[in-house]
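If you scroll down you'll find the structure; I have some questions about it.
Letters are used for the chains, namely A, B, C and D, taken in the order the chains are written, and counting of residues starts over at 1 for each.
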Amino acid sequence: MDKLCSLREAITEEIEDGMAVAMGCTLESLIPFAAGYEIIRQKKRDLTLIAPISDIQFDQLIGAGCVRRVIASWVGNVAAGLGHNFRRAAEEGVPYPLEIEEHSNFTVALGLKAAAMGVSFLPTKTVRGSDFSRAEHFRSVTCPFGGEELLAVRSIVPDVAILHVQKSDCEGNAHVWGNLGVAHEAAFAAKKVILSSEEIVTHEHILSDPNRTIIPGFLVCRVIHEPLGSHPSPAQGYARRDDDFYFDYHDLSRSRKGTLSWLEKWVFSVKDHAGYLALLGEERLKGLKPQGDLFSPRVSFNF
Amino acid sequence: MDKLCSLREAITEEIEDGMAVAMGCTLESLIPFAAGYEIIRQKKRDLTLIAPISDIQFDQLIGAGCVRRVIASWVGNVAAGLGHNFRRAAEEGVPYPLEIEEHSNFTVALGLKAAAMGVSFLPTKTVRGSDFSRAEHFRSVTCPFGGEELLAVRSIVPDVAILHVQKSDCEGNAHVWGNLGVAHEAAFAAKKVILSSEEIVTHEHILSDPNRTIIPGFLVCRVIHEPLGSHPSPAQGYARRDDDFYFDYHDLSRSRKGTLSWLEKWVFSVKDHAGYLALLGEERLKGLKPQGDLFSPRVSFNF
Amino acid sequence: MDYTPRELMVVAAAREIRDGEIIFVGMRLPLLGFAVAKEIYAPRAIGIFENGVMRDWPAREAFLTISDPPNVAGSLYCGSVLDVMALLQSGRVDLGFIGGAEVDRFGNLNTHWVEEKGKRIRLPGSGGAADIATMASRCIIIMNHERRRFPPKVHFVTSAGYGNGAHWREQERLSGGGPSRVITSLGIFSFDPVTREMVLSSTHPGVSVEEIQRETGWPLRIQEDLRETDPPSADELAVVRKYDPKGVWTS
Amino acid sequence: MDYTPRELMVVAAAREIRDGEIIFVGMRLPLLGFAVAKEIYAPRAIGIFENGVMRDWPAREAFLTISDPPNVAGSLYCGSVLDVMALLQSGRVDLGFIGGAEVDRFGNLNTHWVEEKGKRIRLPGSGGAADIATMASRCIIIMNHERRRFPPKVHFVTSAGYGNGAHWREQERLSGGGPSRVITSLGIFSFDPVTREMVLSSTHPGVSVEEIQRETGWPLRIQEDLRETDPPSADELAVVRKYDPKGVWTS
């Protein structure tokens, strides 16, 4: 079944106000920024965002007023520091008050893994002694064998996971490489998955390396062909990180006014991701093109 | 650190009587038969064997008198049916009585995963209602969130995991592809790992595709270069399954005497795996060579 | 039309697969059934295997175990046991095929041990069968129909069906739906929606109810509109023979 | 010899790494410390990153986040957050580097919120720091030494050190060993083995005890044999500059 569509169509039809959306699940790379921009453009509201760390994506969506709640371990600007919109929302309720379900990287991963595994919790030894471990999504559980007391992490079930991948076929069978973060867990935890992909490849291409398939297509509802759809975050083999973009965002988002002008320029004034890339300009995009000769060796599936 | 050695040396120095050994963890493929034969040759005793299903490997080791206990979900001969030596040990204590920790495929995987994760149990919904779920390695645990009652699977900690892989460097960094079974879980659960490998590749070769690394070398104590070390089980890209070998074993192992003569011929009468391969003969080995042109596409790690 | 009893069983299994479903397949007859379904009724079905392999098309080459290279090459996804079991536990597997040495009137299966002439025979164990039986949305049991394999109560419950009937699965909180059919070498059974007892719903062509009763260890319950199993169509048979040209599984 | 305070901190971090250890690295100074250690003291150390990457050699190219392509290419292992956290939880990570906005006298770290002029400032949160603090065999805390960052008690415990001291970690059953050192821009601290209080063990060249006391929010405890931190050797400095030629992290 061909699931190819535009980002606009995917976000219009699959994302409803109030949904819990996992995105930015590979940490600082392959963040589905283009999808995030489209969510902002369509003025989705009251979303719950889920990820360990997704660099400035959560800050952008919070600043744009799309978010009511985050389930995360870290929200900010990884290279530059604090997330100004996250701060404004958490400190002053601007543009909206923000609920925060506090996690560590590990506990977000465990919560998603629990959902992916179909169980309501997973036990862990982590974050004992941290003040945020007293929150309601952590509870004590006793090992029925040794009697050891562990912390139970409540499962985290996204309504949707949005992932940017390197290769997908039209059915959403996707090859991903590089650091995987919690991408696999999020895809299997979510009720449905939206993929944006650097390349659309043939089904046969996917089948020629089934070990590279991180997401099987039967979990996926929409596939968008969106090269550079993770800009400014990197996509191994396809795009370097656009560091300046993060620093510029950091500077401009210091004020609410600056944030609004940033959003106007990069999101609202352009129609879609093609418009965004045009705004970045060819020269800048050329500078993000990977160089080198680092290819994986082919392996044999012969028999 | 170069960990290359002979199978004889690895088994002599790393396997002690009474140890818990995970082997055959990729189910019916990549079973480390050569390592199993060396364990038999060295007359190791009182081992606990761990795997979901490892085709005839457990039956061989039981028949050879090496085993006191199995932690498994299935012991037999996958294509031919029952495991005669398993039966004799379980029914009549021949050559030795056998303790069986009964599992399903999923619960073996969960027990190993618990150990790999460093927790004493993992919760599950499986095998409820099965008579073997009343055994002591399964206990009830209540979810501290919804109050749901789940089954806790006790962690399974192998002293050693023995894995056959397609490629390893001298330090034990290993690329594996095809079905992965519980290989990754077993490697991370075990106190140490022994690898036999179809190919020894350079360290640079491993680093050129880090997503293919299923076992990082720092978990590994010994690496053995042993082409066809999984015979008669298949190694994707390197060897087909030798079906007749399993059927012949099945026929001969029907009797205790037949088993002893099988062991004499294929294990004790040969010095090592080279001798075993010589006994199989070039013609037979040629017939197991993979054919075709099924190679994975190269992916780019450029930046 | 000429066909073997096993070819009929394969086709009966295939007819149970709906398009788009995720199926825990296994080897032998269900694998062929998956092939027939894919080629005729259910082109979008996905077959998953307990070793971590997922396929959207059955392999063309013959093989004896699910981890054999022909079943791995050209697959959709190669991962771990936990990956596929996670799908099962999270309720995403629509259908699983299982079998065993014994099945009883409530669809409980035994692959642990049986008694023959007063002697206990040890069998291989669960494998993934107990996982499928517990958690798949529905299961189909495939069995050779012999009296010793159809006792009123199995010696040991490896893979739970409906326990002792009625609300047992709900009481024991099994997450899957339980067995929906038993396809045997003689006929096809479904389960009474209230008592959860096995009910004969069709007899294979040329098989009498009496013969089935003779090979069943409890008084048969028979569906009111008992039918004869539809024989394989030419199309169905063509697919079976395409995937098992030498009759390794179906002769 | 000419060096910056940060170069000294990098070298001090490097000297804490023993050969063959598995280290949770992180970005900035610890990443450079890992490079120095690998090239000089600890050629067999393994660096792991919370995004799932494991490396046996630091990347030569500069980069700003652990998921940047230079840190991925040429790595040993690329997996998941759970893969690396499993190593931590199973007690196999020897050392982790962490930092924060505040550290207190028992080595507790805060990256959640602080107060400035009566106003609450929201910080980014734990990331992986709480995981490392709880479970690594030992942790090293790296901090700019400023009085507002060294309160007697942190506003919020993000990453637990020794809690309120003495046997707190054992009572709370934290599986890791806790912080072993605090490397600051002014000196190096260890922890009293009984009270678990931070103890000044060396002052950086040119820094007085009085200056450190001034920047510390509680009465300093000072080790009897207080030393001066060994300045970077030429070899150490050469490696720092090889990996940070433009002084992005160390100027």
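In this section, contacts are C-beta pairs under 8 Å (C-beta built on N, C-alpha and C of every residue); 3 or more make two chains touch, one makes a residue touch a chain.
Just so it is clear, the structure is predicted and the values come from calculations on it, not from any experiment.
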item	value
Identity of the chain that, by mean CA position, is farthest from chain D	C
Of B-C and A-C, whichever chain pair has more C-beta contact pairs	B-C
Euclidean distance of C-alpha centroids - chain B vs chain C, Å	28
Centre-of-Cα separation between chain D and chain C, whole angstrom	57
Distance from the mean Cα position of chain D to that of chain B, given in whole angstrom	40
Junction residues of chain C, two or more chains touched	53, 68-69, 72-74, 78-79, 82, 88-89, 175
Residues of chain A touching at least two other chains	118-119, 124-125, 177-178, 180, 208, 211, 234, 236-237, 240, 290, 292, 294, 301-303
Graph class of chain-chain contacts, one of line, ring, star, complete, other	other
All chain pairs that touch each other	A-B, A-C, A-D, B-C, B-D
Interface residues, chain C side, partner chain B - complex	49-53, 63-69, 72-74, 78-82, 85, 88-89, 112, 119-131, 133-135, 156-160, 163, 168-169, 172-175
Chain A - residues contacting chain B, complex	118-125, 139-141, 143-146, 148, 150, 152, 154, 166, 175, 177-178, 180, 205, 208-209, 211-212, 234, 236-238, 240, 290-303
Interfacial residue positions of chain B with respect to chain C in the complex	26-29, 52-53, 55, 72-76, 78-79, 82-83, 86-87, 90-91, 100, 102-106, 108-110, 113, 124-133, 149, 177-185, 233-234, 236-237, 240-241, 243, 290, 292, 294
Sites on chain C touched by chain A in the complex	22, 44, 46, 53-54, 61, 68-70, 72-79, 82-83, 86-91, 175
In the complex with chain C, residue positions of chain A that touch it	1, 115-119, 173, 188, 206-208, 210-211, 213, 216-218, 301-303
